[in-house]
Amino acid sequence: MYRISKPRGLFVGRFQPFHLGHLATIKFALSHIEELVVVIGSAQKSHEIRNPFTAGERIQMIKDSLNEDSEVDLKRILLIPIADVDVHSLWTHQVDNFVPSYEVVFTNDMFTRLLFRERGMKVVQPMLIQREELSATEVRSRMAKGGDWKKLVSPQTIKIVEHINGIERIKTIFAKVSATNY
Amino acid sequence: MYRISKPRGLFVGRFQPFHLGHLATIKFALSHIEELVVVIGSAQKSHEIRNPFTAGERIQMIKDSLNEDSEVDLKRILLIPIADVDVHSLWTHQVDNFVPSYEVVFTNDMFTRLLFRERGMKVVQPMLIQREELSATEVRSRMAKGGDWKKLVSPQTIKIVEHINGIERIKTIFAKVSATNY
Amino acid sequence: MYRISKPRGLFVGRFQPFHLGHLATIKFALSHIEELVVVIGSAQKSHEIRNPFTAGERIQMIKDSLNEDSEVDLKRILLIPIADVDVHSLWTHQVDNFVPSYEVVFTNDMFTRLLFRERGMKVVQPMLIQREELSATEVRSRMAKGGDWKKLVSPQTIKIVEHINGIERIKTIFAKVSATNY
Amino acid sequence: MYRISKPRGLFVGRFQPFHLGHLATIKFALSHIEELVVVIGSAQKSHEIRNPFTAGERIQMIKDSLNEDSEVDLKRILLIPIADVDVHSLWTHQVDNFVPSYEVVFTNDMFTRLLFRERGMKVVQPMLIQREELSATEVRSRMAKGGDWKKLVSPQTIKIVEHINGIERIKTIFAKVSATNY
Amino acid sequence: MYRISKPRGLFVGRFQPFHLGHLATIKFALSHIEELVVVIGSAQKSHEIRNPFTAGERIQMIKDSLNEDSEVDLKRILLIPIADVDVHSLWTHQVDNFVPSYEVVFTNDMFTRLLFRERGMKVVQPMLIQREELSATEVRSRMAKGGDWKKLVSPQTIKIVEHINGIERIKTIFAKVSATNY
Amino acid sequence: MYRISKPRGLFVGRFQPFHLGHLATIKFALSHIEELVVVIGSAQKSHEIRNPFTAGERIQMIKDSLNEDSEVDLKRILLIPIADVDVHSLWTHQVDNFVPSYEVVFTNDMFTRLLFRERGMKVVQPMLIQREELSATEVRSRMAKGGDWKKLVSPQTIKIVEHINGIERIKTIFAKVSATNY
């Protein structure tokens, strides 16, 4: 497209849920490019152990968190949900259909990196802060087991999780998966 | 969700392409609700006679147009592409999965109205300005036949259509459909 | 399967809506076989000009109508909704997956006949009564245009159509299609 | 719909295969509501370790078993196969499309309960008899390993399993999965 | 891929049915490149007015015709069926997944040309011989109406069409479509 | 079809990647039938731990390997990629749509055997040579772990794997799966 002066980047994730590490990556990305498309991946999934929240719930977590953050300019951000495609090798092309043109991809997922690199796209791996704690897997695990998940997410995410009875949902899904394994 | 003080609304359309009538509707909607989710429908379609542009191209048209409009506050807007589902009666539920909770739907399409009303949702029909001219069907027709389509859309939309060789694309699609009919 | 003494048959239709001709065919089929599987085709479709009613609405029309008919023994009947498959040549095999084994197919649709006959299945074409009037196309047309559709269907079908505001739905769909054509 | 005097309920299961616990639940449900829709879930699946039988085979097991049971009135029952949808949060809405309206859901699956409860539906958990033995997982396991599965199912189910060489099918599927794991 | 000395090309068509014009194009293409991939498009379709034959039937027509043609070296040819994808803009990428790498595309379809050219691929439009007669549309029309279709196809295609009762199939499909239109 | 003098057979596999055992099976099959259709199964899959290569990459491995093998007559072989269908019991029928008619199936996969035998097809289990080593699972494992995979495949397969950076791709996929399991 006619983006020359304003380079655009993608930040690809599933945001199950949106946590403080994601927020830091968004700020990192905004310091390098003019406009950031946050791709909410596996958008069709919810109510699963690795994907408990709907795309709409995740978008509201991100939107509300960014809205209250004085360091982030929402006008420079697009939030775009993208469903998986059955065929892995088509996925990056599906992304191209759903977002404006972009020059760089920010992601810490090595598989996403592989797919974009095989196409010759530039991929940047953002520095991770508090890697042990600040992962969505850790947040979901604490939610299911009664640990302190609230310190890993924004106040806005907490509000939404509570409003939708998210903890009960996650506990039910974890219990179901345990039952199936026996 | 916990939206009580900030009512949210949907504006559902296909935006093939985004034109000045759509822009007026967005302003109309923003005068009634706090936050507006612009649903880009039939998001998976492109390169068809009624759907020439990809979701990404349409999102860029809308984003760039709103960006340059001093009357619109982009922080109050979400642009969400949603693919069709094979089953009509599931479509509004699919919308629910992809967007934050909402209280009202703005649409001029009578079929979209029917589907939301059968579920008991509140639907508002925005006043149409210059109805004859300001329809996407009219814009596409002028693009294909060499008419003056530029006065019906924003300068940003013009730039994007030109950048992607959109007129050539539409002329090819129109020619193909004519050939098939004979 | 182990059906030897009790031959089973299929009656394939879309039942948009269920009318008195369908009822007569069911009675005709029951006089030839022991058990009848009524296949509600295009089960995933609704809110379309040729398919206004959901599978659930159609099943209720058939179930309630047969329930009140003293000549029909409901214990000899199964009502099975089957969605279309994208691939025509797989459709009869999809039917095989969803119904118990059967020996004969009753249908007046020449395309359904072709598909089953190419597989070597026995197909019976039931005698049609009042062919002109007793077609679902005619019923839908009268519903849309204010004609007398009620004499073509059972009292139970009338009740259901009225309960779901079916006439308004059909009129909206017809109006939409007309608008698109111009 | 116009069901006021005759409340209708759903019994949701996969019936892989139909066993005596399912039969007891159907009788339990029929003592509480007027009409029961037995939803045969994951209808598109078969020839898998958790889903060895086709929907048609399962329907025949249920139909034949109920047919021979003097305590069950088949006229009060509908057997409706429903395929999975890719999107979990759409599944209960898909059910709504395929069955007549209902007031209550009977299920012992906690995930199904979660999905219906998030929509505000009334869900009843039937009392389980002989919980250890009377599970479909146990029946399939005995089928694969040469245990006594016949005492857990009806004589009609036994006949159908034998007619389709179901034990050989299950043994092949179990052997394949074991081979893949090593 | 490591194709440097042996350039490879695609010939994209639907081959409904394979006719003498297609045969001429294959010879034309083989005179320009080393290896030719014949892409049988819309592979999942059959039993439709524009797509009467299955992919397997079409492949047999092509294979048998080329086999008997002394000018064609079958070792230089691959026949690859490719199903449509729901999303037009993904289709050429789907092709890339199903065929070895290629340098040039031969096609007379202007829409296929548009899709490959938007990606920057080289597209060659083969010279058409006897354009009026030698089109698959014309062949199908003659088949349905009793015209002389046999002079437009190879003897091998004739044999296959007769073996599968193809003329009866096409006549049934044409009759059905006519009936639906009234 | 009209194949009487020339019996045709299928060889069904996934060829992830094509190895010397596959090559031996092709020669074995060609000694029994006139024409062989090599079905490349799970054609839509790639970039997965059990399916790293695209259908196009696999086809090129097979084509180039057979091309250089003086014992194999390429004119007697068709290479046909076939995607999975969601419904297991439809898969063999999907195969029927995509290939010319056949009389016998060659496969060592017990599940594929089960599916074809339930339909009454003749299935032949080719003798396996060096069973321990010559399995695609073993080849992929060696690729991921730095073992000697090259002696298990043809020189042509080696060239293609190296050209597409296949070893790096497999290592990334293996690393990702390990990471997900923790």
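As written, the chains take the letters A, B, C, D, E and F, and residue 1 is the first residue of each chain.
In this section, contacts are C-beta pairs under 8 Å (C-beta built on N, C-alpha and C of every residue); 3 or more make two chains touch, one makes a residue touch a chain.
Predicted model, so just to flag it, every value in this text is computed and none were measured.
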Angle (degrees, nearest 5) of the CA superposition of chain D onto chain E: 180
Listed pair (B-E, C-F or E-F) duplicating the B-C contact set, over half by residue number: B-E
Comparison of A-D and E-F by number of C-beta pairs in contact, larger one: E-F
Self-contact between copies chain C and chain F, residue sets same or different by half: same
Where chain C and chain E are represented by their mean Cα positions, the distance between them in whole Å: 37
Centre distance in Å when chain A and chain C are each reduced to the mean of their C-alpha atoms: 46
Contacts with two or more other chains, residues of chain D listed in rising order: 44, 46, 54, 87, 89, 96-97
Touching chain combinations (by label order): A-B, A-D, A-E, A-F, B-C, B-D, B-E, C-D, C-E, C-F, D-F, E-F
Residue ranges of chain A in contact with chain D within the complex: 44-48, 54, 165, 169, 172-173, 175-176, 179
Residues of chain B touching chain D in the complex: 85, 87, 89-90, 93-94, 96-97
Residues on chain F engaged by chain E in the complex (per definition of touch): 1-2, 43-44, 46, 54-57, 59-60, 63, 67, 74-75, 78-81, 83, 96-101, 159-160, 163-164
Touching residues on chain E, where the partner in the complex is chain B: 86-89, 109-111, 113-115, 118
